[in-house]
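You will see two complexes here that share chain A, one where it goes with chain B and one where it goes with chain C.
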Partner chain A sequence: MRRVTQAAPASGGSGLFSLRKVRYLPVAVVAVVIALFPLLTDSGYYQNMVIISLVIAVSAVGLNIITGFGGYPSLAQGAFLGVGAYAAAIGSIKVGGSPFYWIPLAGVLAGFFAFLLGLLSLRTRGFAFAIITVSFLTLVRLVSQNWDSLTNGTAGMTLPLPSWDRAYLNWPFHFALVVLLGFSLLVTWRIRRTKFGVGLIAMREDEDKAGAVGVNTPTYKLLGFVVSAIFTGMAGAIYGYYLTFVDPLGMFGLLLSVQIILAVLLGGKGTLFGPVLGAFIIEPLNEVANNQLGGGNIRLVIFGGVLVLVVLLLPQGIISTVRRRWSLWQERKRPGLTGARIELCERPKPPVRPEPSDRYILEVRNLNKRFGGLRAVNDCSFGVPEGSITALIGPNGSGKTTVFNIITGMMTADSGEVWFDGKRIDHLHPWSRAHLGLGRTFQITRLFGEMTVLENVVAPLREFSVRQLNQTAISGEEAARAEELIRMVGLIAYRDRPAASLSYGQRKLIELAQVLALEPRVILLDEPAGGINPTLIERLGELIVELNSQGKTFLIVEHNMPFVMGLCNPIRVLARGTTICQGSPEYVQQDQCVLEAYLGTDFVLEPKGAGGA
Partner chain B sequence: MTGLLQTLILGILIGGVYALLASGLTVIFGVMRIINIAHGALMMIGAFVTYTLWRDLGLDPLLGVVITVVVMLAIGWVLYLVTVRPVRRAPVTTSVLLTFGLAFFLEGVMGFIWGNNAVAARPSYVDASISLGRFYVPQALLFGFLLAIVIMVILQLIFSKTWLGRSIRASASSEDAARLVGVNIPLVAAMTFAIGAASAGAGGSIISIMGSFLPGMQILWITRMLSIVVLGGLGSVPGAVVAALILGVGESLVASYISPRWAPALSVLLIFFILAVRPQGLLGTKLREDVAQ
Partner chain C sequence: MLEIRDLTAGYGGGAVLRGVSLKVERGEIACIVGPNGAGKSTVFRAISGLIEIMDGEILVDGVPIQGRSSADIIAAGVAQVPQSNGLFPALTVRENVLMGAYLIRRQRALVKQRYEQVAALYPVVRERAKDKAGNLSGGQRRMVEFARALMLDPKLVLLDEPSVGLDPIVLAQVREAIQTMHQAGKTIVLVEQNVRFGFNVSTTGIVMESGRVLIQAPAQELLANPEMATLFFGGVIEEKDAPDDEGPVCPA
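Moving on, here comes the complex of A and B:
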């Protein structure tokens, strides 16, 4: 028996390990220098530069959560900075009290606005989100300009001067921002390692797919946006106290938002320190543009131009690019995995397949779905017996994938019902259906390309709870289970590879492992054998039989008839959106309607009179 | 009552100009799946080019539109080749960020060339009005409205009657299929983007006589145009026309019955409202990428 060696946690190489050593020493040195900066120099110019850099850094770290992890571009993060600054100004002028109240409250207020905006964007995708954020900035700027009694209009508001001894100068602002930055980095670091973070990244890679494997995407989106705004709002409050003056142009200018976005993109979106690195490049550049180059239009040209250049030439940002170059260099002598064989470990012979019961675990009743004038699904009804491997076959365009999409909740039917285990589920969200035990694969595989194979397989969530958001993403038990699944499909050698680097057939197998991680009771496979080689098809068939004997029910859409007829029973035949025939493989193959649907009525070569067809 | 009707007439006229501006934006999205945030900046360039032609050569702004369109076709073409083409296949987020940066870059360049003070093209008819019974119509607005209609009709003819238009529509519905039947996709994409820029420029020509303008107004205009295309349904030209008229009338009403200072807030509130209630817009259909394959 060929055993695959247990991959130790350190695999992925000594390269990574030495990289860490090299990486963290300078980070620590830089962190100390930044934290203690006011002690190192008396220059007001440089102290100011570092303070503004810190403001942008905190905002960028916040933005990174929703844009870097979640993939939703907030173009106007500066709006939350301004909201925070105005909250501090209005609070301390109209109400009074300590910054220790107003800074957290400013964060809460910004988070509240983000929550409302997030609610608006629940049903939309990335570009609408970009539009919403820009509009929000326009709106708050208008309010700050026009609501004179609250904001003093375009004249702006002057905050009370700090009450501490002049000898301390800017230290309190500086250290408050350092603490806030450290805290936001800690939170980001933690998020990346939790179910919440992996869910956000899954959403960035493929939002529908994330829903199908049980990720409650709207909640994740909302939460990610709120967290990102809270940090930015708090930074804004400190910024307001520091400047001691807020006005609409200074606080709600779009260029500040451009700088925050640039900090994230330039440093490296989705990385921990990227936004900080970016902020400490962008703000000095801003000072140079203002003081040496005359400000005004040159700032627009520089920052607009740099944004264009970064998107075009350095889309991954400095940190990710350096990291990738480094790991390529580290691996230059190691043979690649391309073409590495699928490890077929021997598996126990499955026990005799149990007889499927008479009970339908999954049933659709009178489904209808129209796309304009086209009736894709037309009064379609069928059931999937518990413990069976049921096939759904039919000519191209007969509505099979649409039925799949309706069953899993990616589309809503115009009418009709979907029942799962005695419960009507057609009103549930895709992730809720996944939590009940309904898993699916896609006709064209949809893995989270930038995640590793292992991360892909641990991404599915079997339930949703608040506690879960803070759970470690890859816990020991789960990792072991995921590795077992990856081993089962024979791809353990690819465990730490990004999913995008796999071949088509390999992706199909990993997608199956991913669905299995949901521990579904019913698995829907959309053309599992399409486009993969005969050995893999055989392997897939064995896997399905093995899983079936462990009690999993399958519903398979497939065009490979030998595969279907050898594996499945019963069979449901779909044509023109409706079930035209149901029964055993033998029965279906003899059925006149089925022959007609697949071959037309004129398939018999002999003339009608002579042949007696 | 007269006041209300007067407000409605002005709103419809300005809405017609908005329709021209938004239709280019929505066509670019329909064909290329790119939200061109720099569309407002392109419009401002068109306004400044027209203004320069009027100031230095004495060319009537509404006739100058012919030259402006040619200039904007060239600018659009170059911008496409240099910046947009490399991110054609990238996710929508990428092109949003790219054109967002481009908008500010262009704003800065305009500031260098034309300065940051408000200017306006003021041909002889700019202060004149035509009286229709009890109503009056500013001539500049009426001419601008008529010109916008003419340009939209020309655009419509290009789309429906020419080979280029058919190629553009074919690429919009399926790029792969269009390629298979011999459509030169890179060329069509470049021409679509250039035509979008030219229509923005033509809109800018009209805007140049309707009041003073400066480079920094690009963001106000892009917000307005985005709200129109979102309201009408992304990618839908008829939707954009209907939405533009709604916004034009709405802004006129807010300006005359509440305060001109709050008129720009209407576009924002419209965006929020429509995205909450009907995310696909008035005449939009659900996008293909919203549906699982």
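Moving on, here comes the complex of A and C:
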């Protein structure tokens, strides 16, 4: 193997362990103070403030799963608190029985409501999604206002008073919420380390791409919603018992949901403790505004102001910003990672490539795709022989990338068929096609920027199963294989760097490693050599040959003619959305149509490796 | 025209450039090549004032520009054409080009005059003036990007991988477009992975590795240097008109 020389990774050194200790010390102190708060003060005012902060914190930690990890900004989180509170109220009044039944049941019910909301909003993103969540919140409030026989309408419902001795005051509520918060933090911590969590983050970073690497996005989204609502519903039930009164306006008001999402944004979305920190800032602010600043709508002004400040000054939230500053400060004196030459060493000769079979493993038939008046793909048909390295070439704008998008399911054709291994796949979702063994890279790379290089390479999922959701994301064998792939493309020194910090060419290589991790049978590469150093292009060619001799089929879009002509056979030429020529490199290079449309009539093949025609 | 002395710079988390020194004379076309991640694009970002400079000097026409704001640097006569997708697809070609004159937008007559000048250099600007930039082909887009970069009449133009993603015919057009710009009196620095394209269009070649400049020499000399070719350009580059075993491929 060729070795790649690169600067040693900037290691954390021995300081890391002590750093961790220092970092978690304040967290431990704060946790103890919050947990034992009722023992520290007798003031009902402050105890109440902490209890409501806890309620908001549990809801914010839940919301963080779908908003912080999954990237879906929901304004309906308050609805699940309300559903939980109403479940407890209706249950204990109409049926009776211990809160120990009703609190878990409230969680289940909230989860069910979240499932419904998830179904409603499955196809929406961004603003449309936020608006649907607001509508959902309003809808639930309207139902609670008008279904008199169940909810007692606008008059609200009074819950039974607690049965314990008055000497215990609010302690049981407080401790129940502390336990619930601890538990929901534990679940969040676990999720971040599972396939489920990495899948959610992949969705946040680039949902289409997540689908292309095999993440079953609708299922992940629905599940994310349910998980984010369960603890919120339980907190809502405790909140209901604590208040001993629930009514539609108090429970389903928009302001409560705004408070929750603000807590997530302020503390730091996607971080473990951010939402809790945010909740313990937002709720006291709310109380102060109510009691000392004249109450009424002053809260709205303050929340609005906080939102503006967060967006302007701390777009990543407090915890993320502090962490980033800290790590920058830590790394200041260390040299950064830079790319070096690839040393030429003797490599074992690639095994003899087997002859490609006559059978098409991938075939498109009569594809058509229009964009407005433009016919991007026009009755396009071609096949990719099993075991071949097939090239798809053609002028800029001839529809190559569109054909790729149709093959992988990121776009639907207006008409035509896509066949893979004897099966028609044009009705399948992108992730199902990935699970069948179809992998692709993108012309302009689409890595998950906030994830590390290693996480990017372990993110692809070869199948979908329920068990997999709870699997640790980066585990032994898989991590070892991912590391091997990263080493193969020469970037092992960058393993723990966020993908966003890589240069253009490096991202292309990591995307290749990512698609290989999917272990596809057919690999579609969209301009793999563009922006890559010529020495590395040679290495890339060798890599493709090596993988091909292990049985992988390639379909490659590329403009680097020496690369294509030396590597690929057969070649399909596309122009104006249709196949104008097919055949061996020698044949294609002499075809008059191809020379006119693509290569140029003065085309001379330059020696391989020099980086293009 | 451009002189960089011992430049150390990075993205906060450590230095990516570690003492870069290079010199580009007026009227030259210089091409920077090197392995992926060697810091080529970072040099551009440093010149344009987009990253923090820890040490060293950047002189344009003898005037130090390090530490100044991006707007200041643009006003000092440096224009940059980014790597890809630099146009606003929903705006027309004319609007895109005029965006390049944002800093002088109040001098209407001057803007108009410059627009005429760049449209004369790159006819596609006038021909497709009312079309959305998103509907242009790859080569046309590059020319509109070049035209936009020239709206402030810069002394120095930085091109980040102008060849990436272009088909062979378009590549020839872009090469001409760069020469057009050169004939219009601009000093040009480009970053390229396509070494053959880059060095054939340039007068000076600069090879970077691990955040440093390894060698600076006339481009053709570097192309002919077998050691450089083996290390960085992917095998020894033979003479262009000697593809012995391929045979003539063009029937015409």
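Criterion: the second predicted complex is superposed on the first by the 569 of 613 C-alpha atoms of A that agree within 3 Å, B and C clash if a C-alpha of one lies under 4 Å from a C-alpha of the other, contacts with A are read in each partner's own complex, and residues count from 1 in each chain.
By our rule, a residue touches a chain if its C-beta (ideal position, glycine included) is under 8 Å from a C-beta of that chain, and two chains touch if they have at least 3 such contacts.
Remember, predicted model here, so these are calculated numbers, not experimental data.
Q: Using the superposition on chain A described above, determine whether A:Val258 touches chain B (first), chain C (second), both, or neither.
A: So A:Val258 only meets chain B here.
Q: In the overlaid three-chain picture, which partner chain does A:Gln443 touch, first (chain B) or second (chain C), both, or neither?
A: both
Q: If we overlay the two complexes on their shared chain A, which of chain B and chain C does A:Val29 touch? Say first, second, both or neither.
A: neither
Q: Kindly classify A:Leu307 by the partners it touches after superposition: chain B alone (first), chain C alone (second), both, or neither?
A: Touch status of A:Leu307: first partner only.
Q: Contacts for A:Thr138 in the overlay, against chain B (first) and chain C (second): which applies, first, second, both or neither?
A: first
Q: Determine, under the contact definition given at the top, whether A:Asn396 touches first (chain B), second (chain C), both, or neither.
A: second
Q: Thinking of the overlay built on chain A, is A:Leu595 touched by chain B (first), by chain C (second), by both, or by neither?
A: After superposing on A, A:Leu595 lies in contact with chain C but is clear of chain B.
Q: Give one of first, second, both or neither to describe whether A:Phe127 is in contact with chain B, with chain C, with both, or with none.
A: After superposing on A, A:Phe127 lies in contact with chain B but is clear of chain C.
Q: Please report the chain A residues shared by its interface with chain B and its interface with chain C.
A: 443-444
Q: In the complex of these two chains, what residues of chain C are touching chain A?
A: 10-16, 18, 33-39, 41, 83-85, 135, 137-139, 161, 163-172, 192-198, 209-211, 230-235, 237-238, 240-241, 243, 246, 248-252
Q: In the complex formed with chain B, which residues of chain A make contact?
A: 71-73, 75, 119-121, 123-128, 130-132, 134-136, 138-139, 142, 145-146, 208, 212, 254-255, 258, 261, 265, 296-308, 310-312, 315, 401, 405, 408, 410-411, 442-444
Q: In the complex, go through chain A and note every residue touching chain C.
A: Within the complex, chain A contacts chain C at residues 7, 10, 327-328, 331-332, 334-342, 344, 374, 393-397, 443-444, 501-506, 509, 527, 530-538, 559-561, 589-590, 592, 595, 598-613.
Q: Which stretch or stretches of chain B touch chain A in the complex?
A: 35, 37, 83, 86-87, 90-94, 96-98, 100-109, 111-112, 116, 219-220, 222-223, 226-227, 230, 234, 259, 261-262, 264-265, 267-269, 271-272, 275-276, 279, 287, 289-293
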